[in-house]
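Please see the structure below; I have some questions.
Labels A, B, C and D are assigned to the chains in the order they are written; within every chain, residues are numbered from 1.
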Amino acid sequence: MNLQNKRIDQDKFQAERQEVLKQWPTGGEVNFEEAISYHKAMPKHKIFAEKLAQAKAEGTTLAQPRAGVALLNEHIELLRYLQDEGGADLLPSTIDSYTRQNRYHEAEKGIEESRIAGRSMLNGFPAVNHGVAACRKVVESVNSPCQLRHGTPDARLLSEIALAGGYSDNEGGGISYNIPYAKSVSLEQTIKDWQYVDRLVGMYEEHGVRINREPFGPLTGTLVPPCVSHSVAIVEALLAAEQGVRSITLGYGQCGNLIQDVAALQTLTELGAEYLERFGYKDVMLTSVFHQWMGGFPQDESQAFGVISWGAATAALAKATKVIVKTPHEAVGIPTKEANAAGIKATKQVLNMLRDQSLPETAELLLEKEMIKAETRAIIDKMLELGDGDIAVGTVRGFQAGVIDVPFAPSRHNAGKILPARDTKGAVRFLDHGNLPFNKEILEFHNQKIGERGLEEGRVPSFQMVIDDIYAIGKGMLVGRPKK
Amino acid sequence: MNLQNKRIDQDKFQAERQEVLKQWPTGGEVNFEEAISYHKAMPKHKIFAEKLAQAKAEGTTLAQPRAGVALLNEHIELLRYLQDEGGADLLPSTIDSYTRQNRYHEAEKGIEESRIAGRSMLNGFPAVNHGVAACRKVVESVNSPCQLRHGTPDARLLSEIALAGGYSDNEGGGISYNIPYAKSVSLEQTIKDWQYVDRLVGMYEEHGVRINREPFGPLTGTLVPPCVSHSVAIVEALLAAEQGVRSITLGYGQCGNLIQDVAALQTLTELGAEYLERFGYKDVMLTSVFHQWMGGFPQDESQAFGVISWGAATAALAKATKVIVKTPHEAVGIPTKEANAAGIKATKQVLNMLRDQSLPETAELLLEKEMIKAETRAIIDKMLELGDGDIAVGTVRGFQAGVIDVPFAPSRHNAGKILPARDTKGAVRFLDHGNLPFNKEILEFHNQKIGERGLEEGRVPSFQMVIDDIYAIGKGMLVGRPKK
Amino acid sequence: MKNKTVVLGVIGADVHAVGNRVLDYAMSTAGFKVINIGVLASQEEFISAAIETGADFILVSSLYGHGEIDCRGLRDKCREAGIGEITMYVGGNLVVGKQDWGKVEKTFLEMGFDRAYPPGTMPDILLEHLAADLSK
Amino acid sequence: MKNKTVVLGVIGADVHAVGNRVLDYAMSTAGFKVINIGVLASQEEFISAAIETGADFILVSSLYGHGEIDCRGLRDKCREAGIGEITMYVGGNLVVGKQDWGKVEKTFLEMGFDRAYPPGTMPDILLEHLAADLSK
């Protein structure tokens, strides 16, 4: 395959760029030099990397919602509300699903239908259709940094427009925005397309404008074992660093067991630094993001507040740099601005009450950290081996071989062999590890944990147990116990 | 003083009893023998001590709301709603403030006004005015055990009526329902009156009916250091045991620092067992209750959900036998049944998600436990010394001497010399320990903690710092930092 | 339920795969022949799969909020393709936001679905209704 | 605020002492002479304290919900006692339950209070208003 983890050369990039900017009329609005000066004129408190660096230094956790609607003014009103009423520290623009699939015509249709219906018919903000000027209107209407949050396999045009539009952070990656978000797009393709996005960010960096990048940690959001999401996040960090990215936020989605979640968040940046170091990427600023439970939520709003608050508590105790907030409407539909603000307010109350507290280090915590590190190293090193030292190639071959495998992912290019399940304390373990390259010690650890669960429940661990765990939090539990 | 910690003799009790039952017409409805058989006919799942014992054995935490309104049918409807919609494991009848002050005429007026106004004009359920038959109607209308929750210095008649009415648990005590709930009533008087209540419970016990007793742990609910509430709770346990009580729930109100709260809850029952043992009270079943933050709440309902959920998380991690639930209306007014159920649902979601998790033992936790134990022993042993071995006498003299002292208490018989304040991690320490009989080591510990806080905030610890801490949670923080 | 065939898929630009996997498992275990066309399925894919397999049901999932836009015209396309009478269910988080279910259900029944299901519907309900409609 | 006197107390069967302590501290620090009759204070106690000290203000707190019942008739009693014109404020959690503040305020102003305050009012607001009413 003509893919490798190597910085795209300038001419090739510029050539490709001409094509990209032609994909939709608004691409014409992009002017890189002008964008650079636009960013340089932005006040520090509206630059993502600056605010993250400050939070990291102070050891505090920032709160960020998800939010996006079809129409520009409504979107601005929404973000302003989340900032003023909700007290959001960081702002998003969550992109609609047509744009994510580069279906700009359908997005256009959605915009019209929304105008007619008088309510958003799209599940996000169609930034490409709105264009650079509109994005700047958004950024200029708020007092906090804005991030592009999507789920786009090919985000080249979207990123060009949003960055030129003043956004200073961009979520995603060639793996994390393919495997959970696509069915048949090849990994070669999405890795290449995200190398383009990372290269673009690298160029901003080289021109003195720091854009933060955030691999999407939670993947399918459903019982994803830490080592799986860690491996993906770290690989994407390596790919980004190679293209010149210097500010990266590594992400992880809450599983629900406090010890495992804290261990996961701590190992995430520790492992990230370890691998960046190993490949000689100097002075990359690493921060962390903790996502409140990303799987099925309870429909009852009070119960949802319980899940949200527990996620906030874990984020604070783990000292995440930021936490992505869910809302009391999660199980039902895109939240109203009020419901969205409610989730932020509950979250910030807990973050503030716990800002001076942390989870003391214990034997249990150290064991979890050791296991996660061993598992993650096993996966990444195997990918490197398969790629003959090239992590881009290794990623593609790794997914083919199933040595990296994401549970419940829709992509054909994902083996889908592993089965996660909770142990007796709710930590996510492997019921079936598929082809993950684990040694005997790791496998015995997981077998023992899952075995205990089976014994406790008097049943043979099976897919039914997995299903019970998928539903558990939505039904007010963590571990999906069989009905008595 | 003619007060001592000695079981009331039968004749004296019966004589007093005639007087008590005459205090209000409904006293005439009380028939002890008949009440015994009524209780014996009750199914296990409606007996408080039974359900607590089961939870203790399983290591789970039960959720109980506060609730009470003026009129009988409305009260029943309220409890049913909290049981069915809220999923409450244990039910209360919170008594109105006139009844708490034995002002039955005003309570009667409140009942009438409520009938006219069509809404409850009383802040609780006036059980005395409603009488024995009405209480039984309540108990028979629900499927969970019912507890009497009040704040009554002289609860003799109220207890006679409620226990005859089928309630199987009674909150309060001669100290915990005097110092925070009265101004000039003497401790001799309330201790005597509660010896009567405990003796009554003892008689039920001797006739084969187990009634649980619960000293009111949180006291003034506002920055009460664990050793203060522990001392009161344990003294009341000793007084109760002497009168023949055999099932006791020791209570503690959340302070907000996880380590301190877990340490407090664990030491509470450990110290309780230690002292009961020391005075030879055998086979007393001890359980624990954790009260979600009892001080000023945030007015915003989403923020209140955050406080409620953090309390639930702490209760679960500390493995309390039950948790008393607050509501999103806390800062504003007596909750609607919907708001009350909402608090329970958020709480149970968190309890269920954490039921299989606990806080691992750490050096920090052990230190907190050691300090709380040393402080509590110092206080109780000093009271015993002052009472020449009699804890009833020692309590009265102890309060006179200020060797036991409750912050912000309205009672004239409380020294009111101590000042609590939070340390840099939010744990409640002594800014001024008044006359508490602490040794050098303990004092240095607190001075150091408060000193650190002062340094961090660049101000001399003073009453202003205490006020800032009083408001902190209501304003969305834990530690009341000075405005920058 | 032996040799009854169901076409299952998630319509439009929707990639929510978990519920799809669970429904597949539930129906297969119950004895149905499940043709799972997975996520990102177009109206055309549903119809051709149904024709090729002579399916008895088409089950459409839409979780991501665009269900209203994505499902319009599916019944007409079925008619044109000559399977106008096939029983069709739809379920998931059909519209954007928390809306009154009564209204939403009406919208989708009028679109030509035989049954529509609110968020978080459990598989056993689906199995019940499949059985009921088969015994008609 | 030198040598201006306020009578402060918590009315009825109410024992909430924390706010009372904070208000006392705030006003004393601001230079007021605070006569704090504490919790469980009857209407009579408020009035006699005000007469004995020639107070300029009566500040009534009610947190526990019975404020409506406890405060009725206080203004009349003041008149009877010959201090009918004294400035009276009331604040706290005045009624049972979360009710519309506009209505609640009206109720208490009609009862004869010069100012009424919703739950959670901060002391600085009180100090402002005391100053304002004094400079009248």
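What we mean here is this: a residue touches a chain if its C-beta (ideal position, glycine included) is under 8 Å from a C-beta of that chain, and two chains touch if they have at least 3 such contacts.
Worth saying up front: this structure is predicted, and the values here are computed from it rather than measured.
Removal of chain A from consideration leaves the following touching groups: B, D | C. Centroids of chain A and chain C (each the mean of its C-alpha atoms) stand 30 Å apart. The distance from the centre of chain C to the centre of chain D, with each centre set as the mean of the Cα atoms, comes to 65 Å.
The mean-CA centres of chain A and chain D are about 55 angstrom from one another, to the nearest whole unit. Within chain C, no positions touching two or more other chains are listed. If touching chains are joined by edges, the resulting network of the protein chains shown is an open path. Contact between chains, using the touch rule, shows up for A-B, A-C, B-D.
For chain D in complex with chain B, the residues that touch the partner chain are 12-15, 17-18, 21-22, 25, 38-40, 64-66, 68-69, 93, 95-99, 119-120. Taken in their complex, chain A has these residues touching chain B: 256-259, 298, 300-310, 312-313, 317, 341-350, 352-357, 360-365, 424-426, 473, 476-479. Interface of chain A with chain C (complex): residues 97-98, 100-101, 103, 106, 109-110, 113, 119-123, 151, 180-183, 220, 222, 295-296, 299, 329, 331-336, 339, 408-410, 463, 467, 470, 474.
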